[in-house]
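Notes for the one structure printed next.
Letters A, B and C name the chains as they come in the text, with residue numbers starting at 1 for each one.
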Amino acid sequence: MLLLRSIRGFSSNRSITWLACVPFALFGLGVFNLSAHAADLPDLTPNFLANQLWLLIAAVLVIFMNAGFAMVEAGMCRQKNAVNILSKNLFVFTLAVTAYWFIGFQIMYKADWVIPGVLKFGGLFFDPTVTAEMVTTPDTLVPSVDFLFQAAFAGTAATIVSGLVAERIKFGEFVVFSLILTAFIYPIAGSWQWNGDGWLAQKGFIDFAGSTLVHSVGAWAGLVGAIALGPRIGKFVGGKAQALPGHNMAIATLGCLILWIGWYGFNAGSVLAMNETVPYVAVTTTLAAAGGAIGATIISTLCSGKPDLTMIINGILAGLVSITAGCDGVAMWAAWLIGLIGGAIVVFSVAFIDGLNIDDPVGAFSVHGTCGIWGTLAVGLFNTDAGLFAGHGFNQLGVQALGCIAYAVFVVVTCWITWKIIGACFGGIRVSESEEISGLDIGEHGMEAYPDFASAGN
Amino acid sequence: MLLLRSIRGFSSNRSITWLACVPFALFGLGVFNLSAHAADLPDLTPNFLANQLWLLIAAVLVIFMNAGFAMVEAGMCRQKNAVNILSKNLFVFTLAVTAYWFIGFQIMYKADWVIPGVLKFGGLFFDPTVTAEMVTTPDTLVPSVDFLFQAAFAGTAATIVSGLVAERIKFGEFVVFSLILTAFIYPIAGSWQWNGDGWLAQKGFIDFAGSTLVHSVGAWAGLVGAIALGPRIGKFVGGKAQALPGHNMAIATLGCLILWIGWYGFNAGSVLAMNETVPYVAVTTTLAAAGGAIGATIISTLCSGKPDLTMIINGILAGLVSITAGCDGVAMWAAWLIGLIGGAIVVFSVAFIDGLNIDDPVGAFSVHGTCGIWGTLAVGLFNTDAGLFAGHGFNQLGVQALGCIAYAVFVVVTCWITWKIIGACFGGIRVSESEEISGLDIGEHGMEAYPDFASAGN
Amino acid sequence: MLLLRSIRGFSSNRSITWLACVPFALFGLGVFNLSAHAADLPDLTPNFLANQLWLLIAAVLVIFMNAGFAMVEAGMCRQKNAVNILSKNLFVFTLAVTAYWFIGFQIMYKADWVIPGVLKFGGLFFDPTVTAEMVTTPDTLVPSVDFLFQAAFAGTAATIVSGLVAERIKFGEFVVFSLILTAFIYPIAGSWQWNGDGWLAQKGFIDFAGSTLVHSVGAWAGLVGAIALGPRIGKFVGGKAQALPGHNMAIATLGCLILWIGWYGFNAGSVLAMNETVPYVAVTTTLAAAGGAIGATIISTLCSGKPDLTMIINGILAGLVSITAGCDGVAMWAAWLIGLIGGAIVVFSVAFIDGLNIDDPVGAFSVHGTCGIWGTLAVGLFNTDAGLFAGHGFNQLGVQALGCIAYAVFVVVTCWITWKIIGACFGGIRVSESEEISGLDIGEHGMEAYPDFASAGN
């Protein structure tokens, strides 16, 4: 009977079942030989211990950000799509880890096979020689913690996309896109800068923890998806944006605070060691979040007369994204100011994206894209070693702008092609009109998020 | 007036008030003498500092798992029982800590008084000489952090039971069972393996972080309770399982992600030191969680046609439980595969338990019991030093099976007796039919979880 | 058009817009010169690394407490005020960080300009010379992590106030009060003890992690606000307290567990170093939380016949507040007992505050004020070096009482004046009767927390 139902399942949900093949196909690439233990362990120095411990904790904090993203996105969307949003966030992180483990990590950081400056591929990380005992030198990171930290970053890029395409994308098609993003697009883009040999790194581009490399990459990928999908039914009436309020502000607020503490792992962990810079980065991150909330609250109160909770939330996130590129190299006052400006920008950006009739349900492009760009440019203004306001001229600002443009072009082009191919293979990426109206929870997952509660009937 | 109401309260809620006596009785065992400070402190070596710091953080992560269990269980049950489930999870952890502090810790790890191979009891841990200054040697764990980490594990075993007996057990009777479990049953079982002298440890049984010692022990204890209670009203109609959907998928998803990060403390903390194995364990744990989600999602989609969010959640938890026994000693590919198989198993196990007409409201036995056994056996297959697939024959696999059976028999017998004695003392362990229908929140606690929301009327 | 709406917004929400000026005015005080890097870095010793790392993690845990406070307070209040409560908790922390950074930190810990024993002010911390490289000596804390940890404490004091004034205070006026509290009142009070030269420190007052300095300071500030506001409509009928049940017990329980783990940062972080005392403090904190839950559950069950979930939550918090003053210097049994008594006290205190017809919606004064005082006095009873029960006489108990009284008087007087001035400037601190009845979410923020759910109509 299970077999019979399986066959029916196969035909009724084609994309999910295609998906089923992917991990097995990937898995087939690996040989089932077991690992040999490396023999000689160096002494564990204080620096070694502190570095591994801090990076491990930072990785845990970044992984916890998945809970933050899930709560913010679900809370800011409607009840009828909550299961779908929660499922996307939960499942996509597990796929991102898998895809990044098989392919992405080696593209991003190894260089056995290279199209110079564009693609570096070092084989599968799925490497049987990586074991607990593999410590090569006492003062560097062990491969395992390095991988874990980077995989968590890859998951972040994928989850940003989720917000932009929410409430109308098919589950299986989104899942396939996420696999391609984390296995290929994000790692190739990342290798330009975080692999020491990358062309942008050699040009002197600065993006300490990923305002551009993670946040704007995810935002551009999602924006292309949002445009390909078109707006949700009822979002624009006569070209004017309508409010489709989120269903659960309690979990949205919780998600914002989880993201805030997760960002200490994201930014301060990007030092990739434990030293005196780590707590300093934590302070600039905190001040930018504070500035972001204040900026967004002031601007949104001036514009609408009342402080909107979703704008406080997005203001905090905007401040955090804005400081991500420069968190290690700006003064404390500059960090607060970068956040404040980021918080102000996000309010105008939301209105601007609405004005373009692009439907970004949770403001993800404004938070991660617009503020990702602002934060990257802010390095060229405020960095104490290279910024304009530190008397170093416009050179760094130019390099920062170049990086922003390069990432935008690369991600927009590759993701547009990817969305179109997925759409062509699986019969479109958008759910049917009737499914969208009744909610994706029933249509995509056959269940409700809150079946014991009566709906408000709107 | 308080006194009058107290007397009425005493008669109306007998079991809770019996309970009231327990901590006081235990407390009476301790003498109120104050601690003497140990004089000579050794130098704090780097290893000492890193070990204490990591174990403390790991303990905090494991304690945070209580929030994960509470949210998963409450979210997957019905609204009318939410207060009861939340109360159980919150209160039982405080009792587990207390009982384990008084009695359990000394049974599990000390050996002053021994029935050889069965019971070791070293007096009460409630030992006035344990103070902040008590550091015996510079490279070992201080007693306080060791106790805290182990107490958090004891709480985990107790909270697994909660899921299996949810939506029909009396609050006070559950509380009494939890005290006995954490003071006696879990520590005795644990001492077989984690106390170096235990008989299973000497046979070569491997259960690194507790797939069997914690997860299957909790699952067997709960299964016996679920059988003793019988199924919830309406769960089986004509022998066929009916869906009683959970009321809040947002908090269930959040709980799953909290458990995920808590598991880094659970597994990587079980190294009981900070070294290069710690981040490696974090990676195998991550890959198994990813594999579990993928396995469960594929199988449940093949079976039912749509990806079910509760199966993604249980798949992640299944992957995590499955890797717990072998997380330190398997290759990365094996970790992912162990998780994938665990995720597939959990789907079939849920159907199998339903088929037996045993009512496990949140699938706790399938996650912690079935996958606990699978994870323990998987050590015999994949462990790089002893596993079948590493060319070491069937010997280890046999020892692993022996351990699984020994724990099953011991826990089933002792818990069956315990549930029966509690039922006999307090007039049954199950709430009345009318209370079950109207919900345990009103019946057991006199309050509602969401009084401002209208019910869906189902 | 934005400009037009801005002007309208300005006139319709006076207090928020006044607020808008504050950060800019403060900002104007700072000079936009950039930081000079300190040149000579000392070697990073093991102690240095462990100290910074632990304090950073502790600061993250304390910052996470904001999520706990937000969830507990929102969950224990009514649905119609949820957005307001969430906004207060979120926004106030960002203001607290900003105000404490500009002014508070220097008042509390520096001493360039002194009214002896009362006020110490060392200029703005907003100091351009504070950079990542500023490490003065290898074994102390870097300024950045020290500031971050202390700023998180300041935020805690502010958020306690929020609970006492919930469901009836205007948003903007609360925000202004929080700025004054964290910039001036809390730092001045804190300097008496935690600045080594403070008069209470010199008298031998002991408050290790802030039962009085943080918790009772916040509680007194809020109590004065609650009295100034008067009770919520419908809270007291004929002088008798009515139940106004909280709307979401799931998030309240989650918040309690988040606070619990956050307290490990709060208490064990207050060691301000990593050593063998840190895990010991974590154990006393755990035992007190367990004791608090047991004490409150027993007493509330005896009084009302059924275990009330809100009392389990408040019992845990009561235990945690009670151990905060003495967590480093009491035996384990004393920690559990201090928590148990704290948990019992909180039940009676809630009834007592109700009896005074003071409306404390979430029991914040009972938890943080009453138990803050109890915890401070308990040091005089149980401290192993100075307590009455350790044979050291009544001397310490007297000093502890003096400290409690001094803080109560100072905070009550300064906060009463502050609330009155704010009320006078902005036309009262309480929302209109019609706004209170329809809910502050619409009135203050123009949005609902759960628009897709039907209300229960009560």
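By our rule, contacts are C-beta pairs under 8 Å (C-beta built on N, C-alpha and C of every residue); 3 or more make two chains touch, one makes a residue touch a chain.
Because the structure is a prediction, the values reported are computed rather than measured.
S.K.: Report, in degrees rounded to the nearest 5, the angle of the rotation taking chain A onto chain B when the C-alpha atoms are fitted.
M.R.: It is a rotation of 120 degrees, to the nearest 5.
S.K.: Between chain C and chain A, is it the same set of residue numbers doing the touching on each side, over half shared, or a different set?
M.R.: Different, since most residue numbers here occur in only one copy.
S.K.: Suppose each chain is reduced to the average of its Cα coordinates; what separation in Å results between chain A and chain C?
M.R.: 33
S.K.: Two-or-more-chain contact residues of chain C, please, as numbers and ranges.
M.R.: Residues 46, 49-50, 53, 57, 248, 251, 254, 450, 453-455 of chain C each touch two or more of the other chains.
S.K.: Given the complex with chain A, which residues does chain B contribute to the contact?
M.R.: 46-47, 49-50, 53-54, 57, 61, 78-80, 245-251, 253-254, 256-258, 260-261, 264, 268, 274-283, 286-287, 289-294, 297-298, 301-310, 312-313, 316, 328, 331-334, 336-337, 340, 384, 389-390, 450, 453-458
S.K.: Mind pulling up the chain B residues that touch chain C in the complex?
M.R.: 2, 5-6, 8-10, 12-13, 16-17, 19-20, 23, 27, 30, 32, 34-35, 37, 41, 44-46, 49-50, 52-53, 55-57, 59-60, 63-64, 66-67, 70-71, 74-75, 82-83, 86-87, 89-91, 93-95, 97-98, 101, 126-128, 130-135, 142, 144-145, 147-148, 151, 171, 248, 251, 254, 444-455
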